[in-house]
Structure formats: C-alpha cells, structure tokens
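In the two complexes below, chain A is the common chain; its partner is chain B in one and chain C in the other.
After this line comes the complex of A and B, so read on.
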C-alpha cells in the first residue's frame, strides 16, 4: 500500500544477547525489517524466538546489566537509537514510540490511580498542568471505549477488569500520539471478545492518526486480522517476510508452512500437525539453517550453509536454500 | 468498623496473655522478701512483710486481684518504694524515649537511602560495600557495640562522654549504639524490597513512558517497596525498646529500661509487671500506626479494611 512513503522505522542487522551465568544467550541474530507510517507489521514467532527482545532493544529497555545490543542499527526517522543518549531515548519513549507489554495485566502501578498513570506520561512530554493533563487522560479513556471515563480517572487498577486495564494501558501508550506503537502480545491475556475489541480499537486509532504499529504475536489468527505485512522469526532470525495475505496463502519457508499446518483455520485440507522437535537452544544454535533439525525438506547442505534472506518476488523475502522447489510444492498442496 | 473491633479484641487478648505470662514468671522467680529485707532477718518478720505485700494469699486470688486492679487502672505499688509503679515508670520513660525515638528516626533516615542506593545498582561495588557494613551492623550485639564505642570515642580519642546525660554529645554514642542494628535491618529490607519492585512489569511500563530514573525509583518503585519496610519499622519499635535496656545499662542512662533491670534484680513484681505491659502496649500501638501507614500507601489495603 504505502510503498512510496519512507519507512519511519528501519531495523538493520540487529543483534541482541543476554549475559547469563551459563554464558551468553543469542536472542536476536541479525534481524532487519522496516515499517512505514500507517502500516502494521506483524512479528510472528514461537515462544523464545526473540520477539519481545526485539521490542525491548528498540526502546533500549533491556534488563540493565543483562541484555545488550551487540550490533546493528535501529533507525527511527533516520536517527540511530542504538547509539542515542539515554536522555534522548527518554524523550522518545512514550512520546514518539510507545510500547504495550506482554504482561499488560500487571503493567499498571497498583498504588496510583488510572488518571494519574495516564496523565503522567502526558505531563512528562508536554507542557500541561495537572488539570489539563487529567482532562486529556479522560479523553483518552473515552477514545479507548472506557465507559464513564470521568469517574474512572480516580479509580485504582485493582478496581478494573482485565479488559479495562488493558484499555488503560493502551490509553497511556497512545496519550502522546506516538508515531510508532510496539504491541507485544497486547491481547493474549484477554478473552476472545475483548481481544477483538482491542484489535479493532488499535486499527481504528491507527487509521485516524497514521501511526505505525509493530504487532508482536505468536498468533497467526491475530496477524491475519490486523497486519498488513508480517515477518516470521525463528531462533532470532527473520526467516520469511511477505504481505499477510500471501504469507498465509502461500508460505514459502518450510517453517512458516509448518506453523500454518499446525492450525486448523489455515491447514486447508492438510493433516493437522505440529512441527516435530523443539525450538533450538539460543545458547548454541544449529549450524547452517537453524531450522534444519526440524525441517522435513532439509537436504545435505542445510546443515552447512546459513541461507541468506533472499528476495522472492512481490516484495517477499525467504531464508531457505531450497525455497524455489518447496514453494512449488506447497502451492500445489494448498490448491489440492 | 468490624475491622477496628477485630483489632481491638486481638490487642486486648495479646495484652492479657502478656500479663498472665509475666505474672506467672514473677511468682516463680523467688521470694521478694529476701531482696527487700537484710539477709539475717528472722522468718517472722518476713512473714509479716509477705502478708503486707499480699504474697501469702493463694496465687489465684493474687491473680484475680491483680486483673481487677488493672481493670480499674490500678497497676499497683512498688514493693520497694511503695510508690505507684505508673508514676515511677512515667518518670523514667522520657529518658528512654529520648534514646529510642532518635534511634528510630536515624534508622529510617539512614536506612532508606542506603537501601535505595544499594538497590539502584545491585551487585556494584557500592552495593557490596554497603551490604557488608549492614551485615556487620546486624551481627554485632548492642552491648559489644556500646563497649567498643566507649573504648574508641571516649577512652582513646576522648571525643565523646562515655555515659550519663546532660548535653547533646551525651546522646551520640547511645543513640548510635541502639540504632545501628535498626539501620542495618531497614537498609537490607529496603534494598531487597526495592529490587523486587524494580523487576515488576509496571516499572518497565513506567520506563517505557519516558519517565526519568528519579521518578521511576522514588515515585513508582519506592512507594510500593515501602510496604514491607513499614512493617519492619513497626517491629523495630519493640526491638529498640528492648535494646534500650542494654544500652541504658552500658551508658548509665537513667531510663525506664534500667528501672526494669533493677525491678528484675529486686523481684519488684508490680514494677516488672507494669514495665512489660507498657512495652507490649507500645508495640501494639506502633503496629496500629503501621497499619494506618500501609493503608495510606496502598489503596488495595484500604479496600480490604473497609
């Protein structure tokens, strides 16, 4: 869609590690992607594939002393966030880039009111007095569909349901009209109806403000619903990238195909099957293609050569040595 | 309302148990007439004194008598001076408070910042150094600390008086001696509690809002971390009053603690009974303040209480 517009965010060859007592964990190993204004990019991957770590790296909120960006760039509006000063990052956080965390049900401080927790981010970044900030907080609550926002301002997190708390978190994240929203599984803790409401809400706000969204999830269904484009992550590397429709209709990388086959709504006549084997240990990744121990299509060279992320036409990218042959095969199977 | 009632009943029950235990313990501790009268006094004279003090009556009668006295607000008279024990205790109490309150204040004013500084950079040299110090502070008993202080600052350096009251320098060593263990406990607990809170999800969200570290730590983390610390501050009241007994003896400080030590030595039952009761009541009152404070800090507690 917005192909002409310049990307607001461009991540280039990002590497992030965690230092542990058992040695370094290579959580993110050279991830590149970009997002344009108004676009939603789905970031898909199994548990442990490095999704959250990418989000935290972008905002430089990795656990101090443990997490470390060891290479690459995160270009936001042309500025490299990896080398930006901490002071500069504080200006960007909450104002230009907002993040909603995976553990959003516990994301609110239990001892402050809802209003205070929304107003404080506004006051941090804009010259507003308390009353004006509270008024904006009420407007934000209204926007995220909170009934009776004026009264809610004075309530504490424990007085709200999970869905309502999630709305508060979103209201706080969006209060300064960020240019980029990073949503790390923002709906996993919620039941299906509330989840659908929240997804609509984010899409709606995006439509109005032109905000870019990086939507992190392991849920293909959610990606299908909200993302324009998606990237699939495996062992801290991007293994496939495509617009959502093509990705779900004609996955090229065997791993993505496996993911789809494991889900009833996408299996389309295939036998439902989970991918055999387990996610590799990020302390010692397999040589060559990290997926080769689990790949049904693996050939001899897969264990030796690390496939590059290759252009596969139509703006698609695939990290597989044999995608040409496999793609054909999968297309046939999908049609059958 | 039921909350207040419940608390009051529990407090009354606690005090009753304390009273009963102390009553029983004193009666088992020996015959006071041997401490009041000279050693070679004839048995007849002792008998007379026992009768005067009411110690010749059956224990149950003494106990019921004592309890009904308490109900009337009559805490008894000292076996020695014959004066009302309340009067004697209240005379000496200010000196103890002059020791315990500054120690508590010192413990809070020093303990909280130490714990916070240590928690902000965990496992840094600063953290390790501070925690090593607090470890020593907690491990060394008050009387050892007091004696070391006297040896060092009074006898060797001749900077501070070794005992007695009068001017403010007299306060320094006793207050420090009494307070150091509390500084250490509060520091350590503040550190661990704050570290725990700093790992919470809501702190990361606050960081993601772009708030500066000062606000993240003081406004958001510390207020949550303070809850367990406040409970321990309440407990310190008991520890400090108990510790004051030793410190008063070491520094010849004319407080209520020394009065109690004397009462133990002399088997002055009424004095002892009142002293212990007063300490227990103080601890209970401190706990009420702690509960109120916790309610102010955390709205979830208010919700549960009402």
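After this line comes the complex of A and C, so read on.
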C-alpha cells in the first residue's frame, strides 16, 4: 500500500507564488503528498491555507501573469506536469485529470444546452460523432442520478437547481473516465441533503471506476465522510497527515486539535474552545512555526525554528517541534 | 450551565408568566413572479406561508432550514425590513404591522440585525469608529465625548480594543469584521437581534469565537435572538429552542436537546442524518431525500414535504398537517406522528 510506485500522483515540494503590487506572496511553501488509484485524499484548510492554489497549480490553471509555480514537481503517472507543454496539458485536462469547482453555474456556459456541453468535452478528447457523443452524455447524466436524462439534455443551465447543475458538472468531468478527479469545495454551496447525495455519488463512481479523488475542503465533516486519508494545511504548508480516522480521533498537531475542539458538537459546557486570533496573512507569516502565535502549547523555540514535517508512525506525518509531548487523547464524544 | 439557565427560566415562568418579547402569528410573505422586467405578475411565490413563533427575553431561538425555505425572508419580515403580506408581529406588546414609518423608527433601535457577510455589509470608506457610532447618530443617542466613549465601550464589548476605532474595514480579518457588525447592531441598545447566518462566512476557528461572543452578549444584555442558520450543529450549540422550516412553513419546534435526540418530523430526521458526522461512535443511518425542493411558486398540496418524504402516504396530499404536540414543548406538523 505504501509503495511509492503505486501512486498515480505525486506532488513533491510544490512552491507557488502570486505576484502582487506589494511583491511576491508565497501561497504554497513546499507541499508534498501522493494519491493512489481508488483513494480519496482530503486536503483540509481554512482561508489562506493554499488549498485551492495547490489544485490550480497541479492543473496549471493559475491566473496567467499573476500566479506561478516557483519550485517542485507534480508527477502524474511519472510525467512532470510543471514542465509539460501547454498542448500536453490541454490533452490531460478533462481526459486524465478532471477538476470541479464550487460554483457550478460559472462552470457551465449559459447559451449551450446541458447535452451540448457534455458532448463537447467528450468530442475534444475522443473521436466520436455528434450523435454518439450525445448518447454518451445521456448515459453520463443517468450515471450521476439525473432524473429523465433524455429530456435534460436539451435544457439550459439556468433551468436546473444548484444540486442538479453540480451533477451536470460532475457528469462532464467524468465523461472521459479520468484517472484523477480534483474537487475544490464542490459541495460547499449546496444544502446538506443535496451535499449528502453528491458525496455518495462521487464515492459510488469511484467504487466503480477506481479513479483517485483529491477533495479540497474547509469542512471537517466532509473529510470525515469521504476521505480515506487527509492532509491538514496551514499557511501554505502541510502540518499533519494521517488516515482520516486516526486524524480525527487522535490529532497530534495542536492546530488540528484546535479545529476539532472548535466544532460545536464537541462543546464542553456552554462555550466553545475557540482557537484565538485569525489565520495569518500570507504576506507576513510568523517566524518559526506559522501557528505558534495561536498555539496553546507554544514554547520559546516555536517562534524561532520552523519544524520539519516528521514521520510519526503508522504513515502519519506531523509538523510540530513538541508533538510527542502533546496529549493526544481528545474527548470527542458528541455532546448528549 | 445551559441546563441551569433553562431551569431558572422555567422556574420564573411558573411563578410569573413572562410575556414574550416577540410574538409572531401566521406571518406570510408572497412575491409576485413576473415574466420579463415589466410583465404582469403571472404567479405568486409564497416565501413565508404562515409562520408563528415567540421569542422571550434572553432566549435564543434557532431557525433552521435549507436554501429556499424562507428563513431569511422571515427574519427580514420580523424587523419590517421587508413588508409582510399578512399576519401579526407583536414586539413588547405592540403590533408592529400597524405602525406608521415614523412610529416604527422608535422601535428600530430596539430590534437590530447581524448579517452573514462581514465583507459586504460594511462601508469601506468609513472608519470602524464611525461604523459603530452610526446608529448612535441616527437615533440621536450620543454626541461628542459621550459618543466616543460609547463607541469604545461597544468595541470592548465585542472583543476589539478602542484602537480599532480609527482603522478601516479593509485592514480587518473576517472575524474582526463580524465583531464590528455585532458592535453596530448593539450600538442602539437593542432588546432583540436577528442574526442571519452570522458565522457561515467565517473560518471554523473564528466561527467558534463569534458564537462564544454572541452567547456572552445574550448573557450580559439579556437580549432575545432569532438565530438563522443552515448549520444544524451550530444551532444546536447556541439555541435554546429550534424551529425547522421547509418551503415557507415551520414543520417542527422543540427545545434544542429534544430536537436532536428525538426529532419527530421526517424532514428534521433527514436533515440530521444528512449532516456529515465527525466523532466517535456510529454515524446516523442516512435517510436519502429524493429530488430537490419543490418550487415555492407551486408548492405541493397538503403537506409541503410529502413529495420528498420517505413516509408519505395518499392522505398526506389531502390536508395541510397542523402542528401537534409530540413531547414537552415539542411540536411537529405531520399526520403520521403520535404523541410520545
């Protein structure tokens, strides 16, 4: 399982910068991880953590002239996407790697029908005539649980609800059976009942096709629900990685512990154990461990030394100077 | 602590029945649906279809629902930010619906709103001090040094130091902005607050700080609050009582703990089961709801939830189910329920 050759995707020491009027801002500061076929990796972070930038960097979709990859490799099946030609990237995007975003309405073109848009994706990558592509589009809509798919083909995006539009986006993303699906908060704008349907749908399709999924989210609940393994990001760095169950039951990094304690369902008494302060501005990151100004466990050395991402056994990694001295037992019984 | 407070509330109710601060009966709001910009209205959209509720002083009532449920419109109607189509809203015994615009102004300072988006709701050209002091000026409550001291006090109250008074919104984080939004709402000394998704736009670590702050404010100022949210776990934590809304109607009303332990309405049960689960033990058996929310332009006959309800029968389309008692202070609108 841990054999490195198994991974379909390996991100190595990825660095991404944004150029601003105040100089370069380091959004991603040396992030490494890998995903295996059939696996869902959760990328968990708050605003400014760099989670969305990682997704955009992997597909080379950073805003031209403003964002750039300043170091590292993104190995997809052994090929480095950082140095691949734009032509090669166009072949890979949508066919081998698909990405879905939070805003499904902006991902769809309002003047084309649902069917035309899915068929278009298919015909970009496969030699199929219009009719065959439409037939495949209908099959895709059926697979994503769209009622009455034949009729829906002729409808326009505005005629659908948010949940149905997100299904269309997923249908288009999966039309060419990608090996890797990247979802950037794909269920965040949806109601919980619809979110549950979409999470089930993605897991279902993964089960059938064996695709790998990178699920980018701020929501611990969504990670708990869908990810096999999860990475916690803070200020552009990986601060903890573990299989989802251990991460949520025995978090080791004080930041992850703080996030879990912030959840209303774990309130002790009638106040929440909030993390003080706010996430740091990427323009002026704290020295040493970026979390130290907000950390209850911080010692003097935390302000000086940037902790390395350390192996902590059982395939876990943690970025904290004092992780072995920090209590790991959290009482995560849901409040009665 | 919560239990203690609720008991005290119950005890005081038993001796001298406290009148509700806010009493809403059969509130309705319809919007005309037009085709084209100037077209004739061709249909009506019933955003709020007969909502009744009460909020007592010092009580936080949670209003939970998904998008399109009418929860935000309900909140706006209560403050007459949106004019209701029918029903009555009594605030401190006075019927707000009968008030003229001028009379209403005197009540405005006693009822305030906290908005969801701390990025959109603050004027970027004003200093934090002026933003917080705006209500003091509008209602003629304080000028000069008194006004300045009151602004400092309000900033302190929401956990921002007086040094924030000279800063501008763009220098603040999302959580700090929401604190400013709360200070603005408190400036005129309200007795009742509508908090409309006040933490939905915030990071998890900051959300907890703001929820704690709202509880501090309730405890200190004894304000009544309608807390509108789509997030069941947030509402469970903060609210004393919870109302569940679906397609313009309240389908269940219960004390917070009872709602989460013994949800009676099939919609509430589905909503609870759909929420992602973090923690020890087994997640709830997920109840899958089919399809989407029906259009509020053409709501189902009888029970509005029947088209997606796993327990719907033929009778559900006949009549609108009334709210029926299912436990102490616990009501649900479903004909298939029996009192427990």
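In this text, the second predicted complex is superposed on the first by the 313 of 336 C-alpha atoms of A that agree within 3 Å, B and C clash if a C-alpha of one lies under 4 Å from a C-alpha of the other, contacts with A are read in each partner's own complex, and residues count from 1 in each chain.
Assume contacts are C-beta pairs under 8 Å (C-beta built on N, C-alpha and C of every residue); 3 or more make two chains touch, one makes a residue touch a chain.
Every value quoted in this text rests on a predicted model; they were computed, and no experiment measured them.
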Simultaneous placement of chain C and chain B on chain A, clash or fit
fit
Applying the document's definition of touch, where does A:59 land relative to chain B and chain C: first, second, both, or neither?
first
Going by the contact rule set out at the top, does A:93 touch chain B (first), chain C (second), both, or neither?
first
Thinking of the overlay built on chain A, is A:75 touched by chain B (first), by chain C (second), by both, or by neither?
neither
By the touch definition at the top of the document, which applies to A:128: first (chain B), second (chain C), both, or neither?
neither
Could you let me know whether more residues of chain A are touched by chain B or by chain C?
C
Once you lay one complex on the other using chain A, what is the shortest C-alpha distance from chain B to chain C, in Å?
5
Mind sorting out which residues of chain A both chain B and chain C touch, each in its own complex?
none
Chain A partner, complex, touching residues on chain B are 123, 200-212, 215, 220, 223-224, 297-300, 303
Chain A residues touching chain B - in the complex, by the definition given at the top
59, 61, 65, 89-95, 98-99, 101, 103-104, 106-112, 120-121, 124-125, 156, 158-159, 169, 172-173
Touching residues on chain C, where the partner in the complex is chain A:
1-2, 66-67, 173-176, 203-209, 211-212, 215, 230, 232-234, 236-238, 257, 261, 270-271, 274-281, 286, 288-289, 291-293
Quick one: which bits of chain A touch chain C in the complex? Just the residue numbers, please.
46-47, 147, 161-164, 191-197, 199-200, 218-222, 224-225, 248-249, 258-267, 269-276, 278-279, 294, 332-334, 336
